[in-house]
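Let me begin by handing over the structure; questions about it come next.
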Amino acid sequence: MINSRATQLDAEIISNKRVGSYNHMVFAVNELAGACRPGNFVAIAVGGQSSSMILRRAFAIYRATMRADGVGLLELVVAPQGSGSKWLSSQSIGQKVNVIAPLGTAFGIPTEPVSALLVGGGYGSAPLFALAETLKSRGCRVDMVLGASTAGKIYAPLEGKRSVNSLTITTDDGSAGTTGRVSEVLPALIDQHQTDVIYSCGPMAMLEAITAISQQAGIVHQCSVEESMACGIGVCMTCVLPVKGDDGVIRMTRTCIDGPVMDGNRVLWTRSREIPDGVWGK
Amino acid sequence: MNFDFGTSIAGTFFPNPIFTASGCAGSGKELVHFFPLNELGAIVTKSIMIKPRSGRSTPRMAETPSGMLNSIGLQGPGIELFLENDIPWLRDQGARIIVSIAGETVEDYAVLARKLRNISGLSALEVNISCPNVENRGQVFACNPETARDAIAAVRRNIGGELPIIAKLSPDVTDISAIAESVVDAGADGLALINTLLGMVIDTNTMSPKLSQRTGGLSGPAIRPIAVRAIYQVRAAIPSIPIVGMGGVTNGRDAFELVLAGANAISIGTATFGNPMAAISIKEELEELCISRGFSSFKEVIGYAHRVDSTLTREN
Amino acid sequence: MNFDFGTSIAGTFFPNPIFTASGCAGSGKELVHFFPLNELGAIVTKSIMIKPRSGRSTPRMAETPSGMLNSIGLQGPGIELFLENDIPWLRDQGARIIVSIAGETVEDYAVLARKLRNISGLSALEVNISCPNVENRGQVFACNPETARDAIAAVRRNIGGELPIIAKLSPDVTDISAIAESVVDAGADGLALINTLLGMVIDTNTMSPKLSQRTGGLSGPAIRPIAVRAIYQVRAAIPSIPIVGMGGVTNGRDAFELVLAGANAISIGTATFGNPMAAISIKEELEELCISRGFSSFKEVIGYAHRVDSTLTREN
Amino acid sequence: MINSRATQLDAEIISNKRVGSYNHMVFAVNELAGACRPGNFVAIAVGGQSSSMILRRAFAIYRATMRADGVGLLELVVAPQGSGSKWLSSQSIGQKVNVIAPLGTAFGIPTEPVSALLVGGGYGSAPLFALAETLKSRGCRVDMVLGASTAGKIYAPLEGKRSVNSLTITTDDGSAGTTGRVSEVLPALIDQHQTDVIYSCGPMAMLEAITAISQQAGIVHQCSVEESMACGIGVCMTCVLPVKGDDGVIRMTRTCIDGPVMDGNRVLWTRSREIPDGVWGK
């Protein structure tokens, strides 16, 4: 089912700052800011009127807060990659964009204090800081690992760092932190911090690698996946992944409404262009 | 203003001519979050097959200039679960229901028609024949007058009763009027025009086709001129056949254009992906536009661009 | 970098693979104001017929989402004046010349071929068979394997010598590979893919078709996914045939996409209307892109998306 | 032949003011301003990057001047009608647009002082004011008639009015000047001012009506026509009209390079969707 709080509205850009390789953007919204949970995403129309880009772009919510004056603030971390994200990140303050939010599932918050390890790749760190705050407020231990190809692609703002007990950084080129991939430092960290649950967000290959590690360690792994989405609201069936349901049946499951946060251990990660055997209806 | 917005397809009445397009609204369970489903003329459900289908692997879509490619591969729960879960739910919403069916063999279409013949509360059956025919080298039924006819005839023989059959045609053919005539001959009560066009996008980073199945169906505003042409041609060839028009309709003006070309109703597909409320705004804009042009009923607008005077002299 | 940007079409060498598209650059007399014509691989001239042609009345064009319709109706001075005025001028520019011809009967194609057989300084002949065949109910030659074959065979029989024949195909067919095989059989040395798709725009103010002749040809980025698909399909069906690809190419990335699909050269059409320098920037961007992807010659890129590994596993 | 001075460049918008139903827009250009003649037009790319509008829009040059600091100024009068003109007229100061200018033919300037009647319909008045100035500077008498459906669609700025001997206004709805069409007031004005030459710009139906009047009166009629143009530079053949050449042959003639200013008496005005008989190659 679609996120029951999903609302469509025009939101004014009230801040747009370059941070490393990304743009940190703030949008003025209404009460919907209060309806957003860590892990939810938004879908934004790009290109303006008479744009050749007809589909929305999905962005993880970095932070959503209500100001005292009743204005809601929605914060995103946008990587200017292709035409849509470049358009969005080049919009000026005062411009309005059409937003649907909040969409999708949120990270599950444990009822007991646990030791949580948050793993982000590139802009995949975006939803993890709000999650860290929530976990902290529930008395959890929060360790964070952020990886990227290079230092400029690590998104880790100061205020974000405050809400974690430890922060490990890896870069492929060694320009910051440990040289290598996040998956290489994970086993030791899990050991060291006695991790109970891993939360992750980043490229699919990273999520797959983390799943292997979490299965090995026998711990819970909630990951936020990223499949191409045409609609973001569950009607087009483009965004699916093979996922095992509660009933044990593996279905092609919509990551826009049954995700983006999913149980990593239930996803059938595959790089083949074939539907894996065992999927319902293959 | 007392504008009559109703339309009918082969004897079935719809209070307004805006429908969803098959595959672009699921079975309505998500859209109902945005508007009551009975505000639309009808909900056309995603094409359903006999058995559950996983569909294709991802990536299933690619955006293109003013359009998109999709290759979902008809993912769905199969007719049994569909009848058990989706139809009763849609009936509860007060929606007018058009069920879209798809098969891989002529017999599939016959079986699906039999499964549906006794289901109450359906407004029409849309027969998606843009599917590979496994018995004929995978050639799409809709691409050949004979196979198109066979599929529709199988439905006609098995459906019984009054349920109108709407044959959905592919624009990927040399002569769409010939296909239209063939399926009308075989018993189609109406036509749905157009399905997607076969296209491909190559990812210039991976240097391979972007979609897992290489090709996909092109939809959206990019194909609207093709849809208008197809509707206009078929309306001229078979003046009396009801046509459900679709292809790139994004606003009231676009819908009006397809109606002028000859559509009796309009299905909204890809536009819903950009804006969940698209169908509702299109409905409102279309009604306003018809009124502002001085029409007193929607029916007068259907095929209005075919009137003789207009095509002979040039307006300035 | 020592990148080899040359390409060849049936034995004729071109220093780079960027051509103009027929009908989108006249005979070069206006574009030369913006760049020297010999900087392009070739100038493909507007399709010429035997006699002078007024073309159609206006409006001849309509903009569409990411595309446009045109119905010029092959306006031109006829082959005699063309050979007298345009060819000598183009030769003086040092341009490599591909002459496009069009006819209304098979005999027209034969006559045109005979007129051109002894003209020196031509690099190739492009045969536009997307023309109504007056001897066959106005059906377009390119829409039928037999009539397509007849037109090309007539050129083959009459052209003599070494001049490569490039058959230009229409995408408005059920099976473009079948048409391709048919014209290659009849003696085509290469193929040009794709011509425009038949479309229509209805002006919602006048409530009549916008173009004076109602329908027109759809070109521009909107049709690029169709062009990529057609090129990919034909390249797979006839691996060795040279293909001049076109359809919505606006920048180097787009050109690269068509080359990956299988094009040996790229024609730039509608993009020139938006930017007179389009072909030159596309040429530069394409070369850079090929180099940045690690290719050392343009020929390696042609059809690269067909390599086996890439289409079986998914890259992330 | 294409206007030999045609240049392509990015021009910054330095003013954009609403005047009645129109936007008066000023663009900073280079020396090309000095190359523009009354009657020439410009072709502007609209919609920005990733726009679904792939064709340029043509606009008559209202004024083109060189400032003392070497900056050229190009002034246009834009009627926000469809998506392209609405986009252009909604652009802010400081934005840049891509312009090709000058294009097309210019109004012919008589070598002797004559009595000239300038007739404009709607934004068709735009190129007439610069023409009036030139004619005035050559010692001509200049009378002007402007017509439109309603007062807000008459474009006649104060400084423009200064360069004419008389100004007559007509509106269809009578909201300004004489009620009716320009063609109704013309015969009397021609008589009164002993008009030697008519210059006109406006809707095609108006130009056709003026041609009939000028032929009746046996005077020269130079009109600026407006056909849909895909390229504006002579390569697409969409913009043609049947026009009689010096050799007496009627050809489908490109209005973008052999126009927009044409001899009205040589145009075969037609509202039919057929090519008129007698056209070469019919």
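Order of writing sets the labels: A, B, C and D. Residues in every chain begin at 1.
In this text, a contact is a pair of C-beta atoms (placed from the backbone, for glycine too) under 8 Å apart; a residue touches a chain by one contact, two chains touch by 3 or more.
Since this is a predicted model, take the numbers as computed values, not measurements.
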Chain labels contacting chain B and also chain C: A, D
Intersection of the contact lists for chain B and chain D: A, C
Interface with more contacting C-beta pairs, comparing A-C to A-B: A-B
Distance from chain C to chain A - Cα centre to Cα centre, in angstrom: 46
Distance between the centres, which are taken as Cα means, of chain D and chain C, whole angstrom: 35
CA centroid of chain A to CA centroid of chain D, Å: 55
Per-residue multi-chain contacts in chain D, two or more chains: 52-53, 270, 272-273
Contacts with two or more other chains, residues of chain C listed in rising order: 57, 59, 65-67, 212, 220-221, 311, 314-315
Chain-level touch network, classified as line, ring, star, complete or other: complete
Residues of chain C defined as touching chain D within the complex: 23-26, 29-31, 33-34, 46, 51-63, 65-68, 70, 72, 75-78, 212-213, 220-221, 250, 270-277
Of all residues in chain B, those that touch chain D in their complex: 65-66, 221, 311-316
Chain B-facing residues of chain C, complex: 57, 59, 64-67, 69, 143-144, 172-175, 197-202, 204, 206-209, 212, 214-215, 218, 220-226, 228-229, 232, 248, 253, 256-257, 260-261, 289, 293, 304-305, 310-311, 314-315
Sites on chain D touched by chain A in the complex: 47-53, 83, 87
Touch list for chain D against partner chain B, complex: 52, 203-205, 270-273
